[in-house]
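First comes the structure, then the notes that go with it.
Note that the chains take the letters A, B, C and D in the order they are written out, and that residue 1 is the start of every chain.
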Amino acid sequence: MSKDLTIGEALRQRGVSRRGFLKFCAATASMMALPPGMAPVIAAALEKARRPSVIWLSFQECTGCTESLTRSHSPTVEGLIFDTISLDYHHTLQAAAGDAAEAARVAAMEENYGNYILVVDGSIPTGNPGFSTIAGISNLDMLRETAAGAAAIVSVGTCAAYGGIPHANPNPTGAASVSDLVSDKPIINVPGCPPIPVVITGVLAHYLTFGTIPELDDLGRPRAHYGQSIHDRCYRRPFYDKGLFAETFDDEGAKKGWCLYKLGCKGPTTYNACATTKWNEGTSFPIESGHPCLGCSEPDFWDGGGFYKALSTPTADITRTAVYAVGAGAAAGIALGAMNRTKQKRMAKEHEKVTIDDLEKGD
Amino acid sequence: MSEIELFNWIRGPALQIATLIFVVGVVVRILEVLVLGRKQDLSEARGSGVAGGLRTIISRMFPDRGTLQRSTFNVIAGYVFHVGFLVTLLFYTPHILLFRDSLGVSWPALPTPVIDATAVVTLIALIAVLVHRIQHKVMRFLSGFQDYLVWLVTFLPLLTGYFAFHRVVLDPQAMIAVHILSVELFMVVFPFTKLMHTFTLFMARYYNGHIAGRRGVKT
Amino acid sequence: MSASLEKGIHALKEQINAPVASFFSSCVRCGLCAEACLFFTETGNPKYTPIHKLEPMRRVWQQEYTFWGRFAKALGLSKPVTDKELGDWETLVYDSCTLCGRCSMVCPVGNDITYMIRKMREGMAASGHAPEGLVGATKLAVTVGSPMGVKLPALQAQIRQVEAETGLKVPVNVEGADYMLLLSSMEIMNFPEFIGAVAKILDKAKVSWTISSEAFEATNSGIQIGVSEIAAELVQRIVDAADKLKVKNVISPECGHAYMAIRWEGPNLVGKPFSFRVVHVLELLDELRADGRLKLSSKETQRLTYHDPCQVSRRGGVVDQPRRLMDMVAENFDEMPESGTMNWCCGAGGGVSSNERADDLRLQVFKRKKAQLEAVKPDALVSACSNCRIHLEDGLEKYGMDIPVLSLTETIAEHLADE
Amino acid sequence: MDEIAHTATCASPGEVVTGNVMPILHQVRHALHDLLETGKSEVIDLRSIPMGPGEEGRLAEALGKGEVEVRMSALGPSEIIETRYPGVWLVTHFNNDNEIIGKFIEICAIPGLVMAQDEDIRAGLVQLNEQLT
């Protein structure tokens, strides 16, 4: 497929009718969490948009993010969006390997310098550069080199966005996020472990449609998808408000679909689109399947206390501290109290008799 | 320190430090009072001092008519913020979970909209008592730095809790962190200030009622 | 001539015990006690807020008996109580507190503020900050036996007068009598009718009683000024006389502080329980009434109300007895708003009446009583404390109110059945 | 309305009610009113609204079926059903795997997608021309 084609032309070449294109735009608007009325705007923009070159780098990661995006074999809408871009380098997906692959990356960079989109999944080790290398190039060097010519960077997955699991305490590799290392490029974080696939493509679609990066929150995430917490959009929220909670995974409350807060749900502090966009083509999401939210789209979710510990419970053993404190307090209190008592008794003992002659001041 | 590290520090070590200061401080201050003791009363009792003491612990929860009429605002606003504070503290689900986790006991929660409304009423009552403290000539006269400090450390947990509940001002994680931090401040300040009345008022009422009870006076 | 700041602070340290510590720990500075104190309500001056009157003592407690206070003191961060401060507090502790105990009834955390004022006066007296009037009264009490300087001959003269009027013998120094009557100097000098009334009632009731020539004074200036050893000496005189006459009971007369002194503080001051029982005269009358030994032939028809002397009712526990007696003697008995244990003080108790400096203030705060009386509009006002009576008469005169003040005992005596 | 309210809010045992069905129906009512008054059409994206298991079904049940049903095959199948309230359409887009990729309620005379698009007509004409020559 020629890179000079617009997206509209590319789709038509694939035999997609105008009606199909409009349907695609409606679905895309929904995917981008834009109001449905935006579909014609998207259509007009995509019609003319050039297919951008995309370079995808994978560092310390599990390939889950790529899996999330590509798990479907048939041309889904996300797939189509993906197909309309020119994925010039993705070492998991591309056929080329070794030097040829690196050559493709260098070629794409040179050809589209300043214009390509860099997608990163995985965190970057900042400790020993040997912790993770590709074709002998350390992750850090490759990121710096590739980022230099990018128009924008999309950090896909929590590892790239915030360090993720490699960054978890004690962080043996010194894993860092893209935004820790690159500061002179617009970076869009698409966290999640993995992120919802339509969110990844939604961000790409936004870039394709408007040529700009979407509005971001203070953690660098697109507000359109991460603007509201799981808790706020959760269909089980009414139970939280009524105080109806599942206490265990197999009690009546769990069967009735009551709130999972007490089972450690991190929904209240987690910002993601799971509760409305859902997973597997809108089938369901973890809470709907009866499992508390882990908070995977938040920084350091791995270190945020136990997954099954309620959010409000302390991470430390307060009980033991309190027990020791009572003991220490009792000992100190009795000691200080005894000192008080002794002082008071001594005062009584040393009392100088006050007679009627002592009622006026001496000289 | 990343935000979550800070958050975990606040929920972990900081909470432990605050708990330590709070518990040691409260126990010390209670014992400091109790161990001081008092002399046995040698006068012939007309009534039971113990019964009087116990009765006064309860009866002082209710103001006499004259006080209610003369200080209606002070009494009502005082009631509202005390009850509101305790309701939000003790009957909000996340708080109950905290107690269940640290004390091993739990009890039923109130619906969150009720807690939400209670918090608003309590905040208003607290602001009202502050304004009252500043405007009322006796209260202004009696008040010193400690009184305003105690007001602040009582107000902050409610305010930050309310913000955290509604996810405003800061992002919720940070707001919860600030909320917990404000509670820790409350706990640290507690043993050194008049907040101790939470515990010592039972002793004070008992002693007062005991003195009166022996004389056959109902207080 | 050896009063000093050191002695004062020493006395305060000595006075602080668990109740005081719990009270100071509990105060939240809500100010509700102000509205319970007539010195505040009638002047509107916040310095008369009861808990504020204890500020120097509170600081001593904080610096000496709390861990962080000791800590701050060790670091030199706390401000020691100065002699000037104690001097500044003198009028608050003596002139504007009658130890009436009303604040102790309303404090929401349960502080017995009156109990602490009583203790604080120990420090004030030891540091030389007791009012002149009280110092004089105390000296007279110790040297002469009466704060007003009433000597035995004066009493004997009054007794002779009473005997002449009633035709009854007033027993003096009768060994083995059941009851020994105490009197306040005010009764001897201003209300000798009281002695006659008691004589008549006890004669009708066939109660064996006596007056001791060695200890007839019931009041105790040592308590009002706040010097426990002087108070103890005064109590000891009564104990010795009672032991000498081998009486089973001692009657406290119609005087509030006298009752407090001998009934509740007495045994604690002398350091051992009494071998005799102490009753307030109204308690005795009520017992006689219950036994059927107190019978009346007529009732008072005018509209009466009863003023509770603070130390008799609120601080003494004699609350229901006067009401039963009032019902017995009065056809038309109306309570004032806020009566019984919530009664308002007349304004002159707790040594205030012995302190000339406080004269204007006590008359100013009498407005509270005036308002209470205006709510009831009685024909006459009955009470059971000679000190209250004198001040009530003063106050009523000052505010141009024509309400006679009666003694409950005397009123009962007037209606005794002859049989 | 009672019946609708019943269908819309009464969950069968074990079902979860978010309470979002009734507000959607009200939104539809306002949109229908606007359509009559001003001719303005509206689209509601059902994927942006939290729904518990079974709630979408109850919404569909509350809307019922009207006279028109359109099946489309363009980039996967689509289903456009007029509800029992004329002018209210339930539009569901599927991909080629029959997975739902979009679900909307449209309030309009006829959803724009049903109408043949100029571009497609033009392409069809070319095709027909080719066939006839």
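Throughout what follows, contacts are C-beta pairs under 8 Å (C-beta built on N, C-alpha and C of every residue); 3 or more make two chains touch, one makes a residue touch a chain.
As the structure is a computational prediction, the values presented were derived from the model and not from experiment.
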Q. Which one of the chains is farthest from subunit D, going by Cα centres?
A. C
Q. So which chain ends up in the middle if you average the CA atoms?
A. B
Q.
Roughly how far is subunit B from subunit C, centre to centre by C-alpha average, rounded to an integer in Å?
A. 37
Q | Between subunit A and subunit D, centroid-to-centroid distance (C-alpha), Å | A | 33
Q: Could you put a whole-Å number on the gap between the CA centroids of subunit B and subunit D?
A: 56
**Q.** Separation of subunit C from subunit D, taking each centre as the mean of its C-alpha atoms, in whole Å
**A.** 90
Q: At least two other chains touched by the same residue of subunit C: list those residues.
A: 16-17, 21, 65, 67
Q) Got the subunit B residues that touch at least 2 other chains? A) 28-29, 32-37
Q: With chains as vertices and touches as edges, which is it: line, ring, star, complete or other?
A: other
Q) Can you name every chain pair that touches? A) A-B, A-C, A-D, B-C
Q | subunit A contact footprint on subunit C (complex, rising order) | A | 1-4, 7, 10-11, 13-14, 16-17, 21, 64-65, 67, 125-126, 128, 130, 135, 138-139, 142-143, 225, 227, 229-230
Q) For the complex, which residues does subunit A have touching subunit D? A) 16-24, 26-27, 29-30, 33, 35-37, 72, 74-77, 80, 233-239, 255-257, 275-278, 280-282, 284, 288
Q) So in the complex, which bits of subunit D are touching subunit A? A) 14-20, 43-45, 47-53, 55, 72, 74-75, 78, 93, 95-97, 99-104, 112-113, 116-120, 123
**Q.** Residues on subunit B engaged by subunit C in the complex (per definition of touch)
**A.** 28-29, 32-39, 41-44, 46-47, 56-57, 60-61, 63-67, 70-71, 74-75, 78, 136-143, 147, 191-192, 194, 196-197, 200-201, 203-209, 211-212, 215-219
Q: Using the touch definition up top, name the residues of subunit C that touch subunit B in the complex.
A: 16-19, 21-23, 25-32, 34-36, 40-41, 44, 46-47, 49, 51-52, 65-68, 104-112, 115, 263-268, 271-274, 277-278, 313-317, 319, 338, 341-342
